[in-house]
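Look for chain A in each of the two complexes below; its partner is chain B in the first and chain C in the second.
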Partner chain A sequence: MTQYRVLPGPEHFLPPSAASMGICLPNPGEAHVNGVIVPEERAYEEAAKQFLMAKVPTIFPGPLVLWAWNEKAAKKATAVRHLYNTLKECVQPGQTPMLIPMPDYRPKYPKINPEVEINPNHPNLTIWHNKIDCCMFVGVHCHQANLALKIIRGGTSCYTVAMCAQAGHEDAMLSFRDASVEKIMKLAEWVRKLKGTVQPRLTSAKSGASN
Partner chain B sequence: MSKERIKISEDLYDIMPSDYQDLVKSATYGKEDRGWKDIGNSKELIEQHSLCAGCPESMAFRYILASLPNPEDTVMVGSTGCTSLVFPMVAVHNIHSLFGNQNAIASGLKRALSVRFPGRTKDVVVLAGDGATVDIGLDMTLQAWFRQEKFTTICFDNELYANTGGQESGLMQKGFVAKMAPVGKLFDKVRLPEIARESGCHYVVQCTVSKPSLIEKVVRNAVMISREIGPTYLQLYTPCILEIGKNSMEGLQEMRDSEKPTERFAYKEYVSEPAKQLLAEMAAKDKEKKAAAKQLASQGA
Partner chain C sequence: MADTHSVIGTKNKKGQTFTDTWAMMNDAPRTPSFYTGSEVIKEALRRASCDVMIAYPITPQSEAAALIGELFAEGYIGDYFRGESEFAVMSQCAGAAFGGARVFTTTAGPGTMRAMENFPMWSGARLPIQMIVTCRGINSPLSIQPDTLEIAYLLNTGMLVWHAETAQDFFDWILKGYMVSEEPDVHLPLALCCDGFFVTHTKDVVNLTPADMCLPPYDPYRSPVPCMDMECPPVRMMRDPFVMKSNYISYATHASWQQEVWAAVERSRKHTIKWLNGLIETENTDAEILIVASGTAVSQGREAIRLLEDEGIRCGLVKVKVLRPWPGEEIREATKNAKHIIVPEFNVTGWLAKEIKATIPNSERVHAGPRVCGGMTMPPEIIVSEIKTLLGIHTVSMASRG
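Our next item is the complex of A and B:
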């Protein structure tokens, strides 16, 4: 069994993919925390704790929920908004939850403002400028999520959570699989449940940038 | 065909950057008579781009995107060159192919789309520079035409390799001296429109992009003919103002000068018999529609 753990970085400029270090994806009903397979309930608790501890807990909804492709996508968007609203209600003064979209995967030069939208090719800019120390990807296509999660782990100390509709992400510090409206709502319930029991961090994310 | 497939989730609408909100609100997806006159009145499918100031290619891009008859169901295939700098800013599905590979990619794509979406019209439009179309990709270009693949090929002809500093291309005019071709071109400009006609293209046009209404007409014709009959080819002169020593404001005049009847970009058109018939049918339908609209308006008044 691998000794490698998927931990907040900055790991280094080109971190290895967690899969290549022996991290496995969870089976249905499970999740992983730092690369260790755990029952899903345990992951809800940990994710909620990380959100409540963070100075700037942030949700990054991707195109699969930003656009109302079908009824299910629209419902997921509603659940994401509910989670964000719950976070806002449950954090303490000094904590600033954010909801930042990932509308496009293509490089948008010179137009993109990394502080108001996140692009998987340069997620670290959004993390750095907004000083985000915990984030959750939801509705992002897997290949782009893998890329962005690895860059974030390489260059920042941000704690990453993946609410993945497929099999999960090894490169996130915490990953759910088979994401659904119910799972997003359940995470919101956990946030509410742990409200006031977690001490928020006083410092924001460390940067891995050398300049 | 409509905006049905580009709805933003209501609960996340407010966090979407305004570009996307504008696309949903006022882009011309689904508008039957869309054309270059929509530019300025609606959200364009290209707005900002990273081409040089005054680049005629950027004008061509605007006119083409405004003229596509079915943008929500169109996939554009690009290739290496200045055009590939623009595609990331374009609100139409697009694929960047390997240099010269564009017509091969488009062939597979068109076939796959017709299998995947049998009941829906899906257009494929190749848009590449002269290097990709005539030099590096000539094999793929011709083979697609020989096979009668049903898509449109548009060549932005700037008569050299522009974004790598000005090397000689097959479409460069004879005797032209470029920054990276100091000896001067030794042979004639390749006559690709004629080659396209002989290779089986049903609609071939060579022109400049100085007249938006003309571009609207030829793009629409080319797409409709390729949809129903077979391959079509447009060769559009989009001079690289930097490489021919012009200023930003001089691109339009350069095109006007080059399209005079005795010049190398004089308007040239070839239409096959089946394509002529289709165009006549389209014209008759348009006429009918206009007459009906006129009648309806007079009844209303």
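Our next item is the complex of A and C:
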């Protein structure tokens, strides 16, 4: 049993992959929080809490939900928009929810515009620029999500959530698996349920200042 | 969009029924058949719903490659052709896999070495290609005979590496291999190795699943990277590697990318344990003497154990089925009681013994040998002799056999 926990960074110049530290992915019906397997219900509560505590809670939708390449993707995109709108309704003054797309994975030089997008090759630029202290990846191909999640953990203190349509991500601090429209909607329900019960961190996000 | 589960129970163009793989491998009736290893590869492929097989002749895999050509002629394989060289074959395999196909190929010895540049590329691009490696000698002077040295070179490519002992292993693992390597959290190539000739060219009784059942097709939409997108990595890297940009973030991205490949190797552990019933197999691990081996060295070890038992010497066995991911925990546990760990190998460097030494406490317990190479056989008597020498028991030299 590993003692390693997947926690907000900045962790290391080059942090290890969580899998190499013995963190395992959840089975269907489960999720993980900080690398510890939990029932999925527990993860909804924790993810909603993290969103409501954050100064800049942000959703990063990737190509698999940004483009209407099939009916399911279009429905997921609507659910993501609903989650974002719910966040905006439920936060307190001083909190600024954001929705920033990851439209593709192209390496872009000299750098991306962090105000309008996030890129898996240098995700920290967007995190730092917008002082994002909690984010959720959804609709990002698994390899690219893990790439970005590891870099974020290495260089920022941002709390990361993955809403993964496949097996989940150990490199996020919290990960769902088998993401569906229903699961995204359920997370929105939890955000609404916890509205007003969570004290937001209104001090400046450490992530923006780190490294 | 393909949905693998929706096709279960339906038939392919050859009249085979797409079958839940777990049910096919564990519950379906088996028919004992007397086949060479090469014929077994063909029979596994008949049931594998393989889209593309690319071949190039090199001993001792040529027969298997040719037999799969017959499968193509019969309509069981989507496409089949011969590449210009092993390097070309492995590059063409990558192209087919980038395009979303289930891909199979076979190679051996110098062919493996010639194609080597492609293997880390396959892993980095997360392509779940299956490659059979029928190991043979690789160095000059040329030898086509059994020798497992090439496996050492595959261990750090980021591929999954399994080492079959028998033709039965081969049949089952080809089919199960796709199930592991195509998991979206794994999605890596598999090098399924065997000792050339010993497995490929000898006949054995192999229990086959029904020929009218086949694997569900590969679903490329579960891939962790986009299929064949010329603008995005991994395909884009072939023409515009971001690592070529000299800045910190490019290096950090590449580092994270490499870590992700090895994270995927780690993730395969759970799936491999499920499908292969563990990464190792053990017998009598409470014995003070333990043979730890992979491939056909396991078979020779079994025979040596039988000979030792006749003389009242008790010896246990660890069969290492999977080399990547490396079964470190399992080997530590299996060897904890052993005073002497014997590692017989069919190669000159003893790569398996080195891996084991790096894994267990008190590694002076590891006796790296006996080793043969270049096509030599390994009579069980030389394992017996080695063990007796370790125990201080007088033994007759095997040198006169040479």
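Following the convention adopted for this analysis, the second predicted complex is superposed on the first by the 203 of 211 C-alpha atoms of A that agree within 3 Å, B and C clash if a C-alpha of one lies under 4 Å from a C-alpha of the other, contacts with A are read in each partner's own complex, and residues count from 1 in each chain.
As a convention for this text, a contact is a pair of C-beta atoms (placed from the backbone, for glycine too) under 8 Å apart; a residue touches a chain by one contact, two chains touch by 3 or more.
What you see is a predicted model, and the numbers here were worked out from it, not measured in a lab.
**Student:** Examine A:P16 and indicate which partner it touches, taking first as chain B and second as chain C; both and neither are also allowed.
**Tutor:** A:P16 contacts chain C only, not chain B.
**Student:** State whether A:P107 touches chain B only (first), chain C only (second), both chains, or neither.
**Tutor:** Both chain B and chain C are touched by A:P107.
**Student:** Based on the superposed arrangement, let me know which partner A:A77 touches: chain B (first), chain C (second), both, or neither?
**Tutor:** After superposition on chain A, A:A77 lies in contact with chain B alone.
**Student:** Go through the superposed model and pick first if A:C24 touches only chain B, second if only chain C, both, or neither.
**Tutor:** Touch status of A:C24: second partner only.
**Student:** Now for A:L99: first (chain B), second (chain C), both, or neither, which partner does it touch?
**Tutor:** first
**Student:** Under the stated touch criterion, which partner chain does A:L194 make contact with: chain B (first), chain C (second), both, or neither?
**Tutor:** Neither partner.
**Student:** Determine, under the contact definition given at the top, whether A:I37 touches first (chain B), second (chain C), both, or neither.
**Tutor:** Touch partners of A:I37: none, neither chain B nor chain C.
**Student:** Could you tell me if A:K150 is touching chain B, chain C, both of them or neither one (first, second, both, neither)?
**Tutor:** The answer is second: A:K150 touches chain C but not chain B.
**Student:** With the touch criterion stated at the top, can you tell me which chain A residues are shared between the chain B interface and the chain C interface?
**Tutor:** The overlap between the chain B and chain C interfaces on chain A comprises residues 106-107, 109.
**Student:** Give every residue of chain A touching chain B within the complex, in rising order.
**Tutor:** 61, 65-69, 73-74, 76-78, 80-81, 99-101, 103, 106-111, 113, 116-117
**Student:** Could you please specify the touching residues of chain C with respect to chain A in the complex?
**Tutor:** 1, 126, 183-185, 187, 222-226, 231-233, 236, 240, 242, 245, 249-250, 252-253, 255-257, 259-260, 262-264, 266-267, 270
**Student:** Over in the complex, which chain B residues touch chain A? Could you list them?
**Tutor:** 5-12, 15-17, 19-20, 48, 50, 88-89
**Student:** Which of the residues in chain A end up touching chain C in this complex?
**Tutor:** That would be residues 14, 16-20, 24-25, 63, 70, 104-107, 109, 120-122, 141-144, 146-147, 150-151, 154, 166-168, 170-171 of chain A.
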